[in-house]
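Below you'll find a set of structures to go through.
Across the two complexes that follow, subunit A remains constant while its partner is subunit B and subsequently subunit C.
For the complex of A and B:
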């Protein structure tokens, strides 16, 4: 499908044409931007750096039912309800869209996770080019761009009073309704303007780190004292992983109500000791240093080794929200500088 | 590729419970029969593979399957009482229904073992995953495919030894060399309660290989690694499989090395906390390896290459 232009004042009309979709879009609540179901198109926030939480929960909810059980002498187990409705995820930043492709690798390797896949297949993703990156953004260091279209079905770029619309997939074509009435053809001026905005946005991503070589250097630093030093201030709260668009670890527990109950999966974090402790009490990652190290290694060595992709999209949330200011970019810079002293 | 609900277990009924060891950390063997005929028929495992067992309302844990695939229509799990799920299992009775999903993991490469002498070294509850292998090797269907069998097993006290009746049967066979030991009261002082250790002569700690062996004796008081030294299996055309507490494995492996076993001849199993068993939930990783999928069986050669965090 050819590129298109939609005037901003036509957004309400466009959204009303999409009533067969459950639409999730950025909203401002308690002074932060979050993704939530759109009830009124005028409440949608269109100017924001990024949402405080990544939109990963559309595909991988914080709590998700795996199945129900009924206790009787013979026991009964029944399927969890699958999320069947069509979802439109609007206003996703390109970094977060790339995170979906990274999550796909994990959830689709070997066994295809049916719950994740169901939600993923039913969702159309419309991205919004980043026009004013946050000071902690570093997408360009890990293979992204403020206007990257990877993982998106549609990419829109704000040109002031109108959006430049690129339809990237068949799924994306489905959300272009009434093209003659709502959309118009882009002019050369539109294209030029879009190019300028892209260029400007990219130049505004000033935080950066050269990740080339980090993988191999980490291999030399597994036993390094550096991790003792680095983890000293870590309080093990796990916010870095809960807010990470590529963190995917989960716990499985039973929610029991006497005669019946359900098994659920919930987000987990590798930053707490309970994550790895054996029933015997033995813990292969007993200290903060082991856990912080594992997180960095997982993003920049283990995941690349296993799935051929860095498990970081440079959204900067872990940097912004860490209560003690541990900065992954700074960490990687230090990793590159650390010199191991033979003892 | 499958799109079914992989987290939903099949229902299974406990048909027999055998108490293997008593005490705070008691061990019981559960014989389990999957309820659905189709599912039961299709549940085919390789020795060394694992399965997730559910106690509904309590949770789910992963266990090595301790019965060989040659035993049809049921599975056995030998389980020590250590946590929530294992405690709940220990409270259950014959006829109770649990959940099961699997089999998971790689299992032992039985085809690669064909034609070779097999040495099994189990310490404590580590005998459970090995049992699925040696019972496979010793089964009438497969015995001819393998060479000599040496089976070494040790526990803390005579009361802690599992599968007692089974070992009595194995002891009667002339196609397997069984060596067992207890380390009861074999403390730093070297004190032994002579009565309890009757019939279990002490192996000389300072130089185990010099211990005088009474005619026909195969019950000892010593640690498993020392018994390996005494039994001194030849590495020629052999594989050694060892499971048990990390400290026992460490010294067993050292002694195997002394006997000339190369790293690719020594197999062991690793364990880590697991939730999903299918390579998604994240926590069982050692480096880029998922123990649940790539393991639990690894050669010493593979283990040496890993980041040492287990």
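For the complex of A and C:
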């Protein structure tokens, strides 16, 4: 489909044409921007660096029921209902869109996760070019761009009073309703303007790190004292992993209520001791150093080894929100500089 | 470099050189101009990394709890020298609570107490800096100007001033204890405590009806992502196994991050902090979902003060409010 232009004042009309979709878009609640179901298009916020929470929750909910059970003589088990409704995810930043492709690798790996897949298949993703990157953004260091269209069905770029709309997939075509009435053809001026905005945005991503070589260097640093030093001030909370668009670990527990109950999966984080503690009480990752090291290794060594992709999209959330200022970019720079002294 | 910063470095250097402390916990420059970050140093050569600025928001007391939890390796003599630490007045009161509760013996810590007029909220600071065209990496030399009560800084040769009230952390606006009470050494002049409403943050809520309050908290608790940051940064949350994580013999709090379990989580924390929370405000500062946690704990503090004339961390000789009993205590269940 050819590129298009839509005036901003036509967004309400456009959204009303999409009533067959459940629309999720960024909303401001108190001081945080989060993705919520859209009830009123005027409540959607579109001027923000990025949402506090990545939209991964649409595909990988923090709490998801797997099945219910009843302890009757015949032991009744009812599987969780598949998420069947059509979903439109609006206003996703390009970094977060790339994270979906990374999560796909995991969830479609040795076992195809049907709950995740169903949600993915049902969802159309409309991205929004990042026009004013935050100072902790570093997408360009890990293969992204503020205007990357990877993982998106539609990419929109804000041109002031209108959006430049690029339709990328068949799924994307489905959300272009009433093209003659709502959309127009882009002019050369529009194209030029978009190019300028893209270029400016890219130049504003100033935080960067050369990740080449990090993978191999990490291999030499498994026993390094560097991790003792680095993890000394870590408080061991789950902010970095819960706010990470690519962190995907989960725990499975039962909510038992006597004769019935349900099995749920919930987000988990490798930053807490409970993540690895064995039934015997033994914990192979007993200290903060083991846990912080694992998170870095997983993103920049284990995941690349297994899936040929770095499990980081450079959104900068973990840097901005770490209570003690641990900065992953700085960590990677330090990793490259560490000199191991043979003892 | 401020005078206070100079003195901190001097004391830390001496303590480390003479081997009087096991290590020293202070503040260092953060990843951007809006935040300082904690640093732990062993080598006297590193004392120049220590800073003192309006960005020193963290309560470093949380690391003392870490220290007390350390178990010596088999056959190793434990190093029981004190740990050196920089504290603001609120943080110092936290250490008093740890003393009272027998978590931290006095001889295990060397406290540098600093009278404090309040610290800058990193988020507000970032917003203000942006408004004034200051980037996160602009040369930014901040100091607390006592007489003007402004946060001033310099960027590219242009002097920029932030009105103190606008960038101050909310908890600092409501603070009535600017001076540390328990310390080994104090740096800086005594500050007169202001007459402000220390429970200002809960006034609005108290005026609401029960239904309105329920609605208010429901929406907020629903947002919680249970990242546990509030309890991990809290020096008062030192249990080996937290009741919300306990899975055996039964799970009290489900891992479901839903309204009901989130509420349970937060109310448990609130109940466990009565007469213990010293309002360092770290929980509220670090919460990524902007949950106004101080409102819960301030309400509980107010109740403790009303019922038992008790305020946390003021008197090391006093027993913790829930570890003592007086015959004239209010007993509404009688």
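Some observations on this one:
Going forward, the second predicted complex is superposed on the first by the 343 of 343 C-alpha atoms of A that agree within 3 Å, B and C clash if a C-alpha of one lies under 4 Å from a C-alpha of the other, contacts with A are read in each partner's own complex, and residues count from 1 in each chain.
One rule holds for everything that comes next: contacts are C-beta pairs under 8 Å (C-beta built on N, C-alpha and C of every residue); 3 or more make two chains touch, one makes a residue touch a chain.
Since the model is a prediction, treat every value here as computed from it, not as a measurement.
The superposition on subunit A brings subunit B alongside subunit C with room for both.
Partner contacting the larger number of subunit A residues, of subunit B and subunit C: B.
By the document's definition of touching, of the two partners only subunit C reaches A:266; subunit B does not. In the superposition on chain A, A:242 makes contact with subunit C only, while subunit B stays out of contact range. In the superposed model, A:34 makes contact with subunit C only, not with subunit B. Our angle of interest has its tip at the CA centre of subunit A and reaches the CA centres of subunit B and subunit C; in the overlay it is 90°, to the nearest 10.
In the superposed model, A:251 lies in contact with both subunit B and subunit C.
Applying the stated contact rule after C-alpha superposition, one finds that A:280 touches subunit B and leaves subunit C untouched. Judged by the touch definition given at the top, the superposed model places A:339 against neither subunit B nor subunit C. Of the two partner chains placed by the overlay, neither subunit B nor subunit C lies in contact with A:212. Look at A:136: by the touch rule set out above, it reaches subunit C but stays clear of subunit B. Here the smallest spacing between CA atoms of subunit B and those of subunit C, following superposition, is 7 Å.
Common to the subunit B-facing and subunit C-facing surfaces of subunit A are residues 251, 253.
Subunit A contributes residues 66-67, 69, 71, 73-75, 77, 79-80, 106-115, 117, 222, 248-254, 256, 261, 263, 265, 268, 270, 275-280, 284-285, 290, 294, 297-298, 301-303, 305-306 to its touches with subunit B in the complex.
Across the complex, subunit A meets subunit C through its residues 29-32, 34, 52-53, 62-63, 135-136, 232-233, 235-239, 242-243, 251, 253, 255, 264, 266-267, 269, 272, 274, 319, 321, 323-327, 330. Against subunit A, in their complex, subunit B makes its touches with residues 1-9, 11, 54, 56-61, 82-83, 86, 97, 99, 271-273, 275-276, 278-283, 285-288, 293, 307-310. The residues of subunit C lying in touch with subunit A in their complex are 30-32, 35-40, 58, 62-63, 123, 135-137, 219-220, 223, 225-229, 232-233, 245, 247, 251, 254-258, 282, 285-286, 288-290, 292.
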